[in-house]
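You will see two complexes here that share subunit A, one where it goes with subunit B and one where it goes with subunit C.
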Partner chain A sequence: MSNNQEFLEVKNLVVEYKSDGQIVHAVNGVNLKLGKGRTLGLVGETGAGKTTIAKSILRILPDVGCKIRGGEVHLDGKDLLKISENEMRKIRGNNISMIFQDPMTALNPVMRVGDQIAEVVRLHNDGHYDPRKRAEEMLEIVGIPAERYMEYPHQFSGGMKQRVVIAIALACNPDLLLADEPTTALDVTIQAQVLDLIKDLREKYNTAMLLITHDMGVVAQVCDEVAVIYAGTIVEYGTKEQIFDHPTHPYTIGLFGAIPDMNEDEEWLHPIDGLPPDPTNLPKGCPFAPRCKYATAECEKGPIQTYKTADGHDCACCHIADVVKGGK
Partner chain B sequence: MIRYVLKRILWMIPIVLGVAILVFTLMTFCPGNPAEIILGSTATEDALLAKTEELGLNDPFLVRLGNYLVDVFIKRDLGASWATNVSIMTSIGERLPRTLTLTLVTLFLAFGLGIPLGIVAATHQNQWQDSLSMVFALIGVAIPNFWLGLMFVLLFSVRLGWLPSMGISDGLKSYILPAATAMMGAFATCARQTRSSMLEVIRSDYITTARSKGVPERDVIVKHALKNGLIPIITMFGSTFGHMLGGMMIIETVFAIPGMGTYIITAVNNRDYPVVQGGTIFLAITFSLCMLIVDLLYAAVDPRIKAQYEGQNKKKIKKEAEA
Partner chain C sequence: MIAETSVQTRKKPRKNSEFLRVMKQLSRNKTAVIGLVILLIEIVLAILAPYIAPYDYTEMDFMNMFATPSKAHLFGCDDLGRDIFSRILIGARYSLSCGILATLIGTVIGMAIGAIAGFFGGKTDNIIMRILDVIQAIPGMVMMIVMSAVLGPGFINTIIAMAFGTIAGMARMLRAQMLKVRENEYIEASVSINCSKARIILDHLIPNCMSPMIVQATMGVAQTITTASGLSFIGLGVQPPAPEWGAMLSGSRQFIRQAPHLVIFPGLAIAVTVLALNMMGDGLRDALDPKLKN
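Coming up: the complex of A and B.
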């Protein structure tokens, strides 16, 4: 891996929320790397801190009670956490844009959809585009007739709305796309369409993408690399093949175990026993230890080191050898 | 849309008719003989009988009600005051512009200050700006109008001599103090309403979307959030407007403005039934119109509501087509 080519690099990111006087440790020292035009899947269950990471990169976390405690976010060598709000605003929607989870609520209900697309073009216009023409073009690109420019979000179905959200995100040809569960709120047939659309457009414009999801199927379809996140820490990191063929972290193995296998006659799914730890009171050692069948006293002692199992395949577990032997 | 407006205007007919019947009936069954009130307690028995006959009070109730409704709705004449014999329409025509001016200046101040204050409070939730705004708003609701009015007169008219203390002889300038007094309540409610409505909107996903597009924070609030948070404020605007047109009695009394409020209050005190009835009917009409305007403003602000209005018509058209 040649570090010079990394386009996005998140180093040791720590984010905390304050809630009812307690501190919620949402993201605890996360490292991510993403090359130009590559797709990284960020996989984990609800509340693992995936959305918080994406919002931290864009610096759009809520003002009240939420703080980036430490870390760096480098985009093309520039630390986004250090630049001024004004500079950051020029990057949002232009260099980095985001697709949100719920298309039903992501669009302004009292603004014409065309204007919502044109707005982002107007904000970052360098004279190349006529915002209105570009918005119409984007509508066509995502498969909506340009005549619907003047309509309002309530006149669109969920899948169509998500297409509009995608059109907004891609209108300025961003270098990095943060897709936060872009298909979760859609029904299955529409999911496939939207996913294909994102894939096509990403390839066409060579956009790097951070895809947040809890759906392994989506990961398999779209991603180059995968980061598995648990309780705000990355527990396993590798290429898609490495993660799918040789999962080494007990949590990752558990995730795959929870997917029903169509080839075998299984009566029960295999969920991971227990619940994720309370983010206001995380264990000192491995956050997964309380649910892990390989856990020993060593796991609870302190922060877990990351081990390299292969080139580019990292795993934060002190029992890798046992897991690999006993796993699968 | 036009169909919707027409339908609403047609609906006003039964409403106003109902108000007319109700207020006429209530006034009829009020104790006391109007003839005696008009002529005073020293009037002779004969004079009283003659006056009663002249006012038509000897006719049966239904006949009088019928006559009244014919006068009001067909001849479009509200009658004349018993006390002054001046046509009620003329009096309203004279007084309404004053109350209207007072109301408009009041609303301009209340919403012109209340909305920005509410926005500042919402965008600085739980910070000192928020607390300060809300304390200010609380004081606004808590201070009684008549007292504040007198204090304003004391300061701005008596001490500083900047503004007239009463009457309407100085044009728009005469309305500044009364409006500044009257606006306090509406201003405070508006600020609180704006704050809570904006707080809800600011947390919505589409505001995050707007931020993620790189929209400057000021535009996020003004262009994206405010329009969405406007609905409850419009509702408040409409009902305040309607109430103020008929309900500025205290302010009009304190500042000696001969407007609609004092007109109706004086009429109630004098048992001047035609004026009370006429004034009430007139206010019912203006209030209904205010509400219609509010509903139309909703449609202007929110396309979903507009679609609803139009949808109702479509459903009806469909039904008609099927029939």
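Coming up: the complex of A and C.
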């Protein structure tokens, strides 16, 4: 397990954007670990920095106004932030690939879907596959008849487009799949199909996956481990069971509290009060402190330490004891 | 079901089907077909001009000076007794090739510049666009007059001058399109599967920017023909006795009152060509856009 654990390791990642002369602290010291063939769910609300983490791993952040300030991203022992662009290009699409959020815009509208799958094979071809054959094979694997190779994205439904996007991502048998809200743009039935498909294919090829989502239901269905991210920092980290059964960070508890209980007749939803902090002006201490009912002066003093509550379950909160007592 | 479908015969080779698809799409649009037919007829006539022209375009016949249209001289004769019909046929070669070539060259160069500016952005973009600003600040006609005056009159020089005039507009247009298309997720996706910059520009960005470019280019041909005629009209373009349409207009302008047919026919030729090109441009854009398929 120890060896597997270090297949993907993100250490202390810090990413900043510059906009209008202000510095946006998008990601502030994130640590992640992912074993081979495991799935890590990255959960958080809009703007928490989930997508930025994924793009930093793949090094496809926009050139202008965006900077990885520090940290390391190790894949199989190699630091992806230190290798040259040329080496990185061999990894992109081949070892790591990404599934994008919106299948409606993630496919080139004037290129045949088959060619779009074949393109990634062609770019990483080591003579193993005939790109066209492989593309047809991939179409069949994701449940689209190979005859539709010649068609354009607009002739496909949303769910089918997402299948094509998945086919592109998996065409080169990557070791790591970054799925950026792969089901957000789909309706619930299609969402279930797509998640099943991703799950099956992952198990078949033993691909590790970083699943970015804000949907706890999706996490429950797919992930092994969960990292809850808030304002660019990971506030809680643990296995799915640990997070779902024993949430210890006030934010995580708040997230679960926001899900309406289907068994009871609830008139009001229970959102977390307040708004996420302004990323250009983050509080010095715990970023969640202004919204947290357990917050004390201690929370605002400085960086919050991460405490281990159980094996593999970390929580960045200085009032864990109170929270566990009062949260129930 | 999968087994069944894979037994089916594969579709025809793609080049063939793609061309057929575009033609089929185009044939549904009546205006476009009319434009295309007129244009094709003109091109055929231009190619076959020396064989169909009833007279030599330089042959002067002083008995028939200012002859009005008749059986012998379909469009009449000009001030030197030259057959206007023959001259228009031969003139189509100059006018059409000048319009098409100049626009083609201008568009290709303009697109290359626009693509660089639009893709790389920042400083590169700024430098290129400011230079284009300066070029565009000079009125187009004046610019071309200057270019022709510097290069000297003549067919090739006219093409160069016209092409130069097209570049700035095309570059600006492609850049604007690129800035829009660049934001799409599929461009980011193409980066994530390791497409090189050249590949992203050529395979992903430019095809998605093409539709307004095609319309602009076909309309550009029409505009170039009129401007080339204008240049010839003021004596800087194609030189007499070459029967370029604009040159014909310019040569006969002092007779417009006594013998209007000297001006009407070359003018009509220009007008019909421009109209046909505009009609075709719209249809072609629709036909080339796979989103409008079916």
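As a working rule, the second predicted complex is superposed on the first by the 324 of 328 C-alpha atoms of A that agree within 3 Å, B and C clash if a C-alpha of one lies under 4 Å from a C-alpha of the other, contacts with A are read in each partner's own complex, and residues count from 1 in each chain.
Please note the rule applied: a contact is a pair of C-beta atoms (placed from the backbone, for glycine too) under 8 Å apart; a residue touches a chain by one contact, two chains touch by 3 or more.
Everything numeric in this text was worked out from a predicted model, so none of it was measured.
Novice: Is A:Asn12 touching the first partner subunit B, the second partner subunit C, both, or neither of them?
Specialist: neither
Novice: Looking at A:Glu147 after the superposition, I want to know if it touches subunit B, subunit C, both of them or none. Which is it: first, second, both, neither?
Specialist: second
Novice: With the two complexes superposed on chain A, say which partner A:Asn206 touches: subunit B (first), subunit C (second), both, or neither.
Specialist: neither
Novice: Shared contact residues on subunit A, subunit B side and subunit C side combined as an intersection?
Specialist: In subunit A, positions 58, 60, 64, 89-90, 92-94, 97-98, 100, 102, 105-111, 119-120, 123-124, 152, 154-155, 165, 168 sit in both the subunit B and subunit C interfaces.
Novice: Once bound in the complex, which stretches of subunit B touch subunit A?
Specialist: 125-126, 203-206, 208-216, 224, 227-228, 301-304, 307
Novice: Show me the residue ranges of subunit A that touch subunit B in the complex, using the header's touch definition.
Specialist: Result: residues 55, 58, 60, 62, 64, 89-94, 97-98, 100, 102, 105-111, 119-120, 123-124, 152, 154-155, 165, 168 of subunit A touch subunit B.
Novice: What residues of subunit C sit close enough to touch subunit A in their complex?
Specialist: 1-2, 5-6, 8, 10-11, 14, 17, 121-122, 184-186, 188-196, 199, 203-204, 207-208, 210, 289-291, 293-294
Novice: Along subunit A, where are the residues that touch subunit C in the complex?
Specialist: 58, 60, 64, 89-90, 92-94, 97-98, 100-102, 105-112, 119-120, 123-124, 140, 145-147, 150, 152, 154-155, 165, 168
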